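In the two complexes that follow, subunit A is the common piece, with subunit B as its partner first and subunit C second.
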Partner chain A sequence: MKFKAVDAVSIASILRTVGEFMPEVTLVSTKEGLRLGGVDPSRVAYVDIVIPSLYFQEFESGEREVIGIKLEDVINALKNVKKNDGLTFFTNEGKLELTIEGDFERSFIIPLVELEEPKNPGINLQFAFKAKMLTSTFNETLDILSDMGESVVISSEDGKLIISVEGDVGVSRVELSEAAGNLIEASGTNASSVYGLDYLLKTTKMRNSSDVVELMFGTQLPLKLRFQLPQEGYGDVYIAPRAE
Partner chain B sequence: MEFKLIAEYFDRLEKISSRLQLTSLLSDLFHKTDPSLMDKVVYLIQGRLWPDFTGMPELGLGEKFLIKAISMASGVKEEEVEKTYKSVGDLGEVAMRLKSSSKTSSILTFLGGSQTFGSLDVLEVYNELVKIAESSGEGSRDIKIRIFAGLLKKASPLEAKYLVRFVEGRLRLGIGDATVLDALALTFGGSSDYRPIVERAYNLRADLGEIARVIAKEGIEKLKSVIPTPGIPIRPMLAERLSDPAEILDKVGGKALVDYKYDGERAQIHRNKDKVFIFSRRMENITDQYVDVVEYVTRYLKGDDFIVEGEIVPVDPESGEMRPFQELMHRRRKNDIHEAIREYPVNLYLFDLIYYGGKDYTVEPLPARRQKLEEIIAENDKVKIAEHMLTDSVDKLTEYFHQAISEGAEGVMVKSVGPNSVYQAGSRGWLWIKLKKDYQSEMADTVDLVIVGAFYGKGKRGGKFSSLLMAAYNPDKDVFETVCKVASGFSDQELDEMQSKISELKRSERHPRVVSEMVPDVWVTPALVAEIIGAEITISPLHTCCRETGKGGLSIRFPRFIRWRPDKSPEDATTTKEIMEMYSKQYKKVEEKQIDENI
Partner chain C sequence: MKVDPGTCLRCRATKYLCGLTYCPVTVKMSILNMRAGIYEELSGSSPPSVFVGRFNYPKVAVYPSAPPLGGDTSRYEDPKLWISMSLDEFLAMRLSVFRGGQSFRVEQASDPSRDLWDVQTLALSPRPVEVEMKFKEPPKTMNVIDDTLPPLGPSAPLDKLRLGTIPPPEKVVEKVFSSQDMKAIEGMRLLYTSGVGVERISRILSVGGMGVDRKLVPTRWSITAVDKTLSDQLVKELKEFDILDNVEVYVREHLRNLFVAMLIPGNWSFEWGEAWFPRTAWNYWGGEVAVEIDHEGYSGRKTYPEIGGCYYASRLAVAEHLVKRRRQATVVLWRETYPGFFFPVGVWFVRENVRKLLEGRPETFDTVWEAVEYLSSRLKVSRDWTRKSWILNLMRSRLF
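Entry: the complex of A and B
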């Protein structure tokens, strides 16, 4: 497989996000594009990233190619990428060749790892509430609530989205709504669930790859975060509810 | 093979203390074990992922991180987990309770993928634990926690209990290596008559998992052809102890090779092509602490396929004179090993050759082994054969003993040179007898005892552990029998060290391998060995050591702590038989003294 992206920062952020959840990942490429993700080792979250071939400046793939990468290796190689750097991934004889084109060209050769190909679980969840917002709004909300406690209550009340954390010093609560202008869209019925704040915070790096995030949840249902990517790509993160 | 089976057997094993029953139940588990997983199952029973000598990393998940993982797996807040832990006192039990009572929050439950992941199997558990151990570098703590939480999430409550205990290093099964050997003989030989074959193989290749794998896959006959393998430690031959030079010479057949007994670190040195391995008396891989010795071995010993044994002795960098054993501890503690090498140089004194060029020398008599050792060594200031002499004279032995003491050695080792003077790996016998300087005074003979319980102090030491219940090892029964309660001899620093050591090993109930009538404030898992000295050995109704004599047990009067013995495992402690021998000698001396006085 070979693909070239014009925005190295965006690809790096996607990989860093996945790296927050798992140490290794399987990349599956088909003519349609690239898919990566899996269940995190603690089985609390499931990540599913789909990047269509049109997202890339160049994209070559066989019918179906599967490779495993150790994310730490790739993330380390990408740690100094800049906004306008180009990035090429190319697999060759059990190795991943990675080239960053910017002020000067940098190349890395990273060994591939043998991984079991994850089976994509069938997902059929009916969420009670959905809200769409800017990824920056979502990140600011998490920023306000971080360090306040370990679990976050996400609830919907009369079309409003309420995100709150109960900590030792009290309760922090953020209310978002279409009327207030901080939700782009919101629909659904009242619901409430508790999630691990740690897991939500792991998604904040998607800010560099995605401008809009859709949040979906229901009472005692997972939280689904869909980070929209160009060309109808997406980064889905599902987080299991905590039993409180 | 499902991990559930292991957890169920662990649960049953934990509830029994009879060694016979333990062996029988363990044998039952071995019968049900897939031969290809035999090594892994044995390691899990031993509470480890691989033998210590491999130098592979430990799991590296402390109590705090386990609490986090239990919280993630059970969906219960960390504070709640901690609260339950405080009331229950056993994290394994906590994991079991919380798993039973809380709803699981696995994402797989919602994604319809649960059938892909099924129940836990042994290989999966083992591989995930290996991943945890091997995770290193930035962010590895988080990964370790999450991998373990994933295992717990998939585990049943009972499986979770033993997974947590395994990671904590507190399985509490009461199974020692001896019981595993018995169970292997019973399973694959049909009776305990095969125990010597299994034990011999284990003594020559001290990797219980590997021995179990060979026996399960290739049968018990295969074990007969096991010979030492460079890279896998062999269990060291041990010496008996006596204090009368005439009796010592008599015991070894009248003529003996007498080696200086150096106050250093006993080392088994293996060379396999370019690789050199140094193993401690407890068969830990200590190669990294002695890179200078590695260089000496490569440079001054001929060949690249051998196992030799010797003593690494600290020497004064200025005078070259021998220094006390404790100086070697700096090598363990120093981060910069090269600085430690400069500050604490060592000499290597070799005294045996166990294997050379494909040939097993353990079956050869000592003179043949020494001859081969002399052939391959190019002696110099740093690497020598231990100072020695051949004698059949009691006077010369006594004189040589004093000479050894005056030169900084601990005493001498008197070794049989007869045709049967083979290397008895893993055994303590009369082919080697030590004569140490402390034997010259009245019970100035120190003993190495195992801590099995602790008592809180009063007054200045209030709230702190200040005395220890000590036990000797009874190898026949594979148990620890109490000998004394030691409360003096500790420095402030040693007292502080004691608090943390005991806290790590304390337990609410008596360990199944401990035989005691005295009930301490806290019981302690037998793991720590301390050197103790006392005034004399007396009969005591309170202690259980040598209780079968019919006169009550034996105990040490006025015991005093000398030092920790981290180089010794509990099974290396002074045996109950040795305590009895010391008592008999002392008794005889008193009788002789009374006769002298009467005359």
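Entry: the complex of A and C
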């Protein structure tokens, strides 16, 4: 498996996001591209990232190659990547060789770990409401609500998306709509569900990799966040509704 | 708190009719006996005991301490023995530990004066040390009663400390103390894996006896620092182990406290909860049971738990248990404190009780909900726990 990306920051942010959910991850590469993700240890969230081969400047893979990496090791190696740095991943004899090309070249050799290949649970849900927005809008909303409580209520009312948090001192509420210009698209019926705010906050690092996020949910249904990636790639994060 | 004198007449320290977990009359008499004749000098055997205060940080008071008794006083600093004592005996003992205080800036630990050096040397000792303390004035009855610290007796400014023969510390203690390039975190771990108790490790840390940039650390902070550092390492280890097979439930009652543990098959996450009934230490004037819970997921937490040092003391005890068994689990620990548990005695009480709790034989269940059903007859605020528990809510909220 070998791939080279021109935007090291973007790849690093994807890996950091996955690292927020799980300590280790399996990377599966095929001729079509790269897929990584799995269920978080508390089994509340499922992450599924698909990066097509066209995303990369160079991409080489066998029919199907599977490797396991300890995310802490890789994230540490990538902690100082800059905007114009390039990044190469290359697997060789049980090791991952990682090269960052920028003002100067930095190389890291990281041992691979043996992991079971995750089974794709095939989540197929009919969501009551869908809304598309800039990832920056989504992050800003979460930033406003982040210190207000532990659970976030996501609801839709007459085409508007309402995200609110009830804390010890009161309720904070953010209303987004196409009319107000902060949703790119919105459609569906009224619905409402509660999710753990800390799980939503784990996704904010995707801001550096994705410009647009689609949010899908329904009453007592998981929340699906689809972060759009270039070349029709995506990062899906499913978060289970919270039973209070 | 007022006790009807008629109650004492009928009880005479035999039945605890006042509802407390100790007899105030017995404790007071024992303390008065021990304190009789202590004016400006004290000759005794330090267990060893050193207390570092936190007020006026970074210029803090350091108190070498001792009871007015010679011989083997190690039980004064041994929580493993305290846990099997009556509260009468424990309080009478701890409140007769006299403290002689001197002020130092915390940085002085790295280049100590003779006075501070003596205190550091005392703190390293593995066994009691004969001491003579000359006070500047008679000790005042200012007892230290704190949620984190074990109780301590009267104090006075110290004029002079004279130490008897000091037993040499173990080689590993000497190594940690003399290594100027060993980080405190490494020192704590080395001492712990060499069998040095957590109380001694926190005492050595508090007198600035380890680390690269040495400082005095208030005892209250050093206790929690040690519990956290050691449990962090153990939690990291236990995440490598296989997951437990069944739900295990442990229950222990001790001195009007009920401790409950549920070890649930799953990846590591942890919750510590406390329910304080009205007329207990932290809910004395309350009208309802006060339930507080703090938690962490698999990746740990980034903020200090509001519930305080008990969180890390209990986390250490359960992490020790799981590492010893080479198993990983999702852990729920709850404590109910009933009326009569009148004042806080320190986080050792939680650490040692959870250790004892997990030494017991568990009831096993196939599902967490069967375990919760079983516990509903043992817990007095069962509904509050199941409603507020972060882990039980997490269990209900899983994707798969």
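Here is the rule we go by: the second predicted complex is superposed on the first by the 244 of 244 C-alpha atoms of A that agree within 3 Å, B and C clash if a C-alpha of one lies under 4 Å from a C-alpha of the other, contacts with A are read in each partner's own complex, and residues count from 1 in each chain.
Criterion: contacts are C-beta pairs under 8 Å (C-beta built on N, C-alpha and C of every residue); 3 or more make two chains touch, one makes a residue touch a chain.
Given the structure is predicted, the values throughout are model-derived calculations rather than measurements.
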item: Superposition-derived comparison: subunit B or subunit C, residues of subunit A touched; value: B
item: Which superposed partner A:L125 touches (first subunit B, second subunit C, both, neither); value: first
item: Subunit B versus subunit C as contact partner of A:E72, first or second or both or neither; value: first
item: Partner chain in contact with A:Y238 - subunit B first, subunit C second, else both or neither; value: both
item: Which of subunit B and subunit C A:D40 touches, first, second, both or neither; value: both
item: Subunit B versus subunit C as contact partner of A:G196, first or second or both or neither; value: both
item: First, second, both or neither for A:P222, with subunit B first and subunit C second; value: both
item: Residues on subunit A lying within both footprints (that of subunit B and that of subunit C); value: 23, 39-46, 121, 123, 196, 222, 238-244
item: Interfacial residue positions of subunit C with respect to subunit A in the complex; value: 239, 266-269, 297-299, 393-394, 396-400
item: Complex contacts: residues of subunit B adjacent to subunit A; value: 69, 72-78, 102-113, 116-117, 128, 135, 137-139, 143, 145-147, 149-150, 153-154
item: Subunit B contact footprint on subunit A (complex, rising order); value: 23, 39-46, 72, 119, 121-125, 150-151, 196, 221-222, 238-244
item: Interfacial residue positions of subunit A with respect to subunit C in the complex; value: 20, 23, 39-46, 121, 123, 196, 198, 222, 238-244
